[in-house]
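Same chain, two partners: chain A is paired with chain B first, then with chain C.
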Partner chain A sequence: MPHDKGWRKSRAKTADNLMTEDQPFSFRLQTNADLLKEIFYYPTNLALKVRNLYIPLLDREGMVFYWEDSVDTQTIEAHIVGPLLQTKEIAMDSGDIATLLTKHVLTAASSKKISFIQEAIDELINGNTVLFTEGYAHALSISTTSFEGRTISLPTVENAVKGPKEAFIESASVNRSLIRKHVREHDLICELITVGERAPKQVSMMYLHSIADSELIEGVKKRIMDIDTDTIMNLSMLEQHLEERPYSLFPSILATERPDRAASFMYEGHIVLIMDNSPLALIVPVTFWALFQTGEDWYLRWAYGNFIRLIRLISVFVALFTPSLYIAAVTFHVEMIPPDLMLAIAATRERVPFPTLVEVLIMEVSFEILREAGIRIPSVIGPTIGILGALILGQAAVQANIVSPILVVIVAITGLSSFAIPEISFNFGIRILRFLMLFVAFFTGFFGIGLLSTFLVAYMVSLKSFGVPFLSPMAPFQPSAKDLLYRPILRDRLLRPFYASPQDQVRQKKTERKSSR
Partner chain B sequence: MIKISDGKLGVKEFTALVFVTIAIKGTDTTPDLLIYAGMNASWVLPIFFTVFIFIPLLILFPLMKKHDQGLLELIFRLAGKKVGILICFLLFLVILSSTTVNSRSYIDIINTMYYPLTPLTLQYFLFLMVCYFIAKRGFESIGRASSVMVWYLVVSGIILLFSVWKKSHWLNLFPLAGPGIIPLLRDGAAYSSIFGEIVLLAVFLPFLRSYQDFRKASLIGFGFSAFWVAILCAFYTMVFDYPSVEYLNYPYHQLTRVASLGGLITHLDAIFLGFWVIASVLHFSIYLYMTAYIFARTLRLDAFEPLLLPLTGLILLIGLIPDNIITLNQSREFVIFSASAIVFFLPLFLWGLDRWKGRRQSEKA
Partner chain C sequence: MRKLSFLLPWVFMLILTACGDRAELEDLGHVVVLGVDKAEDHQVAVTFQIANPQVGSTSQASAENEPPSDILTITAPDIVSAKELAQSVASRKLNFTHLNTMIISEELARTKQFHHVIASSTGDREMRREIHIIISKEKASEFIHANKPKLETRPHKYYAFMQDRWRDIGFVPDATINRYFERLSGELFLAIYATTTRSPKHEKDEDQYLAGQVPQQGGDPVQVMGSAVFKFGQMIGTLTGEETRIALFLRPKAVNRSVVASYPDPRKKDFRVTVRLLRVSPTDVKINVHKDPTEVKVRVPLKVQVIQIPSLVDYVLDLKYQEQLKRAIKESLESKANALVKKTQEQFASEPFKWYLFARKEFWTMKDYREYQWEKKYTEAKVQIEFMPSIESFGKQFKPPQIHEQ
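Up next is the complex of A and B:
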């Protein structure tokens, strides 16, 4: 990592310390120490900790630097300071000080030799310990990282009744380990890519080498490297930097908090991105079907899995179309409602002074407000939302003749259905489109609904996520595991090969073998 | 397994596209012409069209295979630059006029049958705007959108047939030959350009993965389309009976009006309208794209997608000229007859040129 281009680039902009530019360490211990202290604003900022020590083995003074709260002090004590002070003699071995110490003295898990100030800064920030010795123009960085974080817990968004119940947390290494637990393959590759110029962060890109398309891997890597920004806080922001169409209503990247789901995507040739501080994994590229499916579809037996899929499919349509179908029917196509129902609707609408559109908008907007308030409300006063929502909006609005009762039913079923859409971005997309559909239906009825739906489909098929069409393998049609709206029984999926590039015959065989999970 | 797209159409997508282009003709005012010509045997005519159209196709396809080029490139190659431009321009006029006349006729249907109070101009504008947006997304998207939507269209069509099943009487189809075999054959030849798009669709060969895919998709799509138009015509006669069916302006929409599922759901026409609008939008996006493509190739322009917007505007403006459906239908018939001749003789002409050139070359050798 130290001498690649990105690293140099990042250094150029680091803070205002131009003196650190490419500056190597000095032979004098005190010079190095003073420089580091200046960079870390010591003693204003007390985060940098220094321990002076005498290393009997080398008969020299030494200094151990670390950054408070990002290291495990126990490790420093037991595996760095302790051995350094206690080791007096070793078997004859000549060589570099760094090699000598690493081979014979230090008992820490890993360490590396560094030569530049900037490297020392990066190592310290990332929770490693840096050891300087008098008369030696290099230093030793020993890994002692230990940031505080929560322990692995249950998924909060993607719940599953049957299936693993671990979710990603805010630590990248824990998340990688969760994935490795699911994918025990020798060709599971984890590449580290550095992004951000002011405060570089590492993105772990994981994929299965024998399955993922090499062109795709290069494309994703290039896209991440091309990001030109000062810093990226976490995956949710990385997602927005990676998108091809930032204004699109449909997401082109999937975020999941389930390691099992991330692992199963890897087996289909997707790439998983992981970063610190994000209890998520990003999956690229992604197709429409992934937004609509859940991990549980495959954990349940064939009939049950298909049943819940069917319910979700209905939910998508209900959430998108119900209010607009209602408006279109009562505004333009009254004759299609059965007479009894029509009379009932007319009777309740009689006392409502507004046009249908206004009525629907009042209810839909109130519902969205309710929903947003439900998320923002402090959990202590949470129950009030229920009272407000149910009583005031439902009951009182009808009694006050602001809306008709049938509308409450329609808004309720629409709202419920939108909760059944599993992916949060897709969920938002559908909810916003619903309003668009509403206006179109009010002005042009079924004609407009037909126009807008066709446009939506044409738009969806023209979308691409990292070169992969959004609706593939349905349009364009490709042979696949047939895991779209319907899922086959598991035994069938094992036998059916996944689709691989025809020019790459070898992969096809491998894919076939690996597809068994 | 995830795979990066190559941007070309496969058999499925092109079949769907052909189906959307041609099968929809059973639902507009085309059956009026068929019923006028074929009387109660109007459903036989689509089958005759298929036979007649096969003659130019049988000539054209081997030519395309031989030179491995789309229709327009083939014209330029065989007829030379000047004559090529002339022929392509003629094709452009054919496609432009039929897009204009047909799109206006579709809007007339919607306006008359469902939205008598909405201004026609607004509807026409909205309709063409959406067509433009879809065409703008590229041929790949049109093909894929067709392949997604075609299933919904087919299912809605089958539901329609089921929902009028009880009201149809198959005895209405007799006598099978209608006005007699000879008039049927004559009219079958005269009106065969109703299906002439299949020849024009050959301009899209460069957008497909291979010639084999193109041929397969064209033939399957064409076969299904002819079958569907024939079925629809048969149902019009079966439900409404012969002399009265002739007085219906828009038989498909009348058919959706009588459709009912059980006793409760008696008015399904608005639902079928929705699906029909979907099909028409796709249909005219293809036409729009084809118009722009042919125009660009005539002038040897590489980028033709910027042409879509001005052409859409042009179509809208010309389409608004006819005052009513009567004047429109006259121009529609004129377009169909003139297009018939061009579509029929173009492949023959190209074949002749190819033979002549081939002979000249072999003489030289």
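Up next is the complex of A and C:
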């Protein structure tokens, strides 16, 4: 791709006119050292650390390079420098220096031989230690990575009352480990895919080989490899590169911070993507149903799980429709409101100077401002927002005759319901659609609400997430575990989703009820 | 181009559709009671009772010095034009969507004009078919002006509560415009009969009254009792409260499920026994159209809950007495029912019992049924009515406390 080459060229210029990325090492230790120092702007930038040493075993000078703050110096000390200095002789002598050192001297967990400058740069940036020796046109990269990060903590968004309480953190290896803890299978595969040209990042693609559909795996892998950009900071941005319809209000990829949820999706043939610096896992493909389900639906017993699922389903509708139903009823369909309520609304509306739409917009926008402010406000002055919010959305607004009292109730129930939608993307989608719905209701009443709803359903049916229809297995209908609006009892969850590998569709055989005796 | 073709339908939809119907709630004047009187030159005097939202509905925005409703009367050719004309007086756009009660004076109801007024009014989209029809003995405007219930400030609430009571007690039929339209081909339509005037009379049977005759002291000015009988869209007579109840019993299904009434005590002639009659299953009507005169057999299964025995006769333990009581109730009901049937056959020449539904079933086509002339056949029909009461319970306390004289 033309623009691609362009920036590579310019980058090469900025670093060093001579340097190209596949330039091999020199036999001379000093040449290599100078080159690396120049690339890392040594000594302006003190991040690159160099340690000269004499290796008695080889009877040569050597140099150890590492990048400060990304390595564990203890490891370098104990497993690289120490052994190199102390080992005087060994029983057998094999040819290659790298093999020799790896086999007999170094006690670090892993190391590999590298031959090009670009490789050395990548290794150093990722926290590995590079060892050069005089008269040897290769180097040895020894893994000593240790970035600082926080420890595993509780989920902040996807809370669960009953269920595991670990959440992903910003380290990919920790996140992978969390998943592996849940999925102890020999065919749990973790493929590393590199994305980004300037600062390549690794995406871990995890799936169960026997369950996930191989076509889907290839598709996702291709989609990730096709991403053509300089760098991808984290999963949230990868998500936007991956999705098919960037303008869509409905998400086609699910992000979760719960390892147990990621694991359970894996058992249904989904693919989990993990990256460094993202306390999340992306799950592809995803259907509409996953957006308002939580892991807890299955952790709780049948009745309780269905109850909370029903409540969440209701709240989706309440959050989407309540303000528009109010507008439609008040401006077009007065006959639908019970007379007592109608008169009460009319009485309070009499002193409000705005049309209903303006009144609703004032309240809804205030609520959205309050919500956004609540996220952005520094936590030190956090409590003020409660007071201000209560003033805007409460009695004060009513007493100032800006809104009628029933609107406070409507905005409150709408806001509350939107908080009950667990998936953040879906949550945003519903909140934006609510405003669209509002305008349509104001212009055409229930007729418009009906039309827009029809349009939305039609749109959702047409959506696909990595080839899987958004509303499947309901429409188009497919045999499934029936885990859609309603969840069956665990014993009846017989099938995996149809997009899982066809060889492994059956989750369990129908079992007879076991007698208690 | 694709974007445009996507947007265009939406734009058109917004421009061309129902936008013009929109009205802010506070701009509307909600007519909750409508009164229709006869006026000169085939015109009608329409009385609008417009609810004032600011009185009695909410403490947030109450206007202390305003009345709960505004009543105005406009004379015009019909209801819709009166509504338009009233706009010259009323500050708000009159709206019928919450109209639930229509008062029509007996004077108008007894003319052919009644049907024209009612039938044409439903052309207005805002007219609901579940509007209750009340026939007032006096002028509708007088009725509306006089109706000042003490416990209800807002007029619509008064009528809403009253309609619930009517359904419970069965002294009046549940008459709506829709039911009226259903019974236009010779069947009798029963409308609610009410008045604010008084002409009290004393009856031994507590429900043999028409509106206005119930001995009353204090309370609200409106009395609702009995029904106005309509045939071919014209009022032709009245039924008392008791007759209305019996008529409802004889219908295959009725809205009221239980009524409380008193019947002569078979053991002590001066006393009466008060019972609650419950309908447990639909009234069974069998009509033999092949016989001449037509045979009608009606069986009314009833459950009886004896509530009060003022004579203190022990009907509870003595099965023989119980049998007598049952027979007394049965005979009393049957004689009243027979009298009512006779009255309808002779005076009205049609029936309000919805028996035409059963007669109609016997024919293959509507044409056959019409040729049969059910109403005419009914006037000569042999009607056999059998009430089948079964005593279910004797109230909370089986045995009343007795006085033991030494």
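Here, the second predicted complex is superposed on the first by the 473 of 517 C-alpha atoms of A that agree within 3 Å, B and C clash if a C-alpha of one lies under 4 Å from a C-alpha of the other, contacts with A are read in each partner's own complex, and residues count from 1 in each chain.
Here, a residue touches a chain if its C-beta (ideal position, glycine included) is under 8 Å from a C-beta of that chain, and two chains touch if they have at least 3 such contacts.
Just so we're clear, the structure is a prediction, and the values are computed from it rather than from any experiment.
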Which partner reaches more residues of chain A (counting touched residues only), chain B or chain C: B
First, second, both or neither for A:Pro405, with chain B first and chain C second: second
Which superposed partner A:Phe447 touches (first chain B, second chain C, both, neither): both
Touching partner for A:Ile369 - first (chain B), second (chain C), both, neither: neither
Contacts of A:Val457 with chain B and chain C, given as first, second, both or neither: first
Chain B versus chain C as contact partner of A:Arg349, first or second or both or neither: second
Touched partner set for A:Val330, first chain B, second chain C, both or neither: second
Chain B/chain C common contact set on chain A: 332, 335, 444-445, 447-448, 451
Touch list for chain A against partner chain C, complex: 330-332, 334-335, 339-340, 342-351, 355-356, 398, 405, 440, 442-445, 447-448, 451
Contacting residues of chain B [partner chain A, same complex]: 1-5, 9-10, 12-13, 110, 114-115, 118, 123, 126-127, 130, 133-134, 137-138, 140-142, 144-145, 147-149, 264-271, 273-278, 281-282, 285
Touch list for chain A against partner chain B, complex: 211-213, 215-216, 219, 268-270, 285, 287, 328-329, 332-333, 335-336, 338, 444-455, 457-459, 461-462, 464, 466-469, 471-472, 474-478, 480, 498-501, 511
Complex interface listing, chain C residues touching chain A: 13-14, 17-19, 21-26, 28, 30, 32, 51, 53-54, 57-58, 60-62, 95, 97-98, 100, 126, 128, 154, 156-157, 160
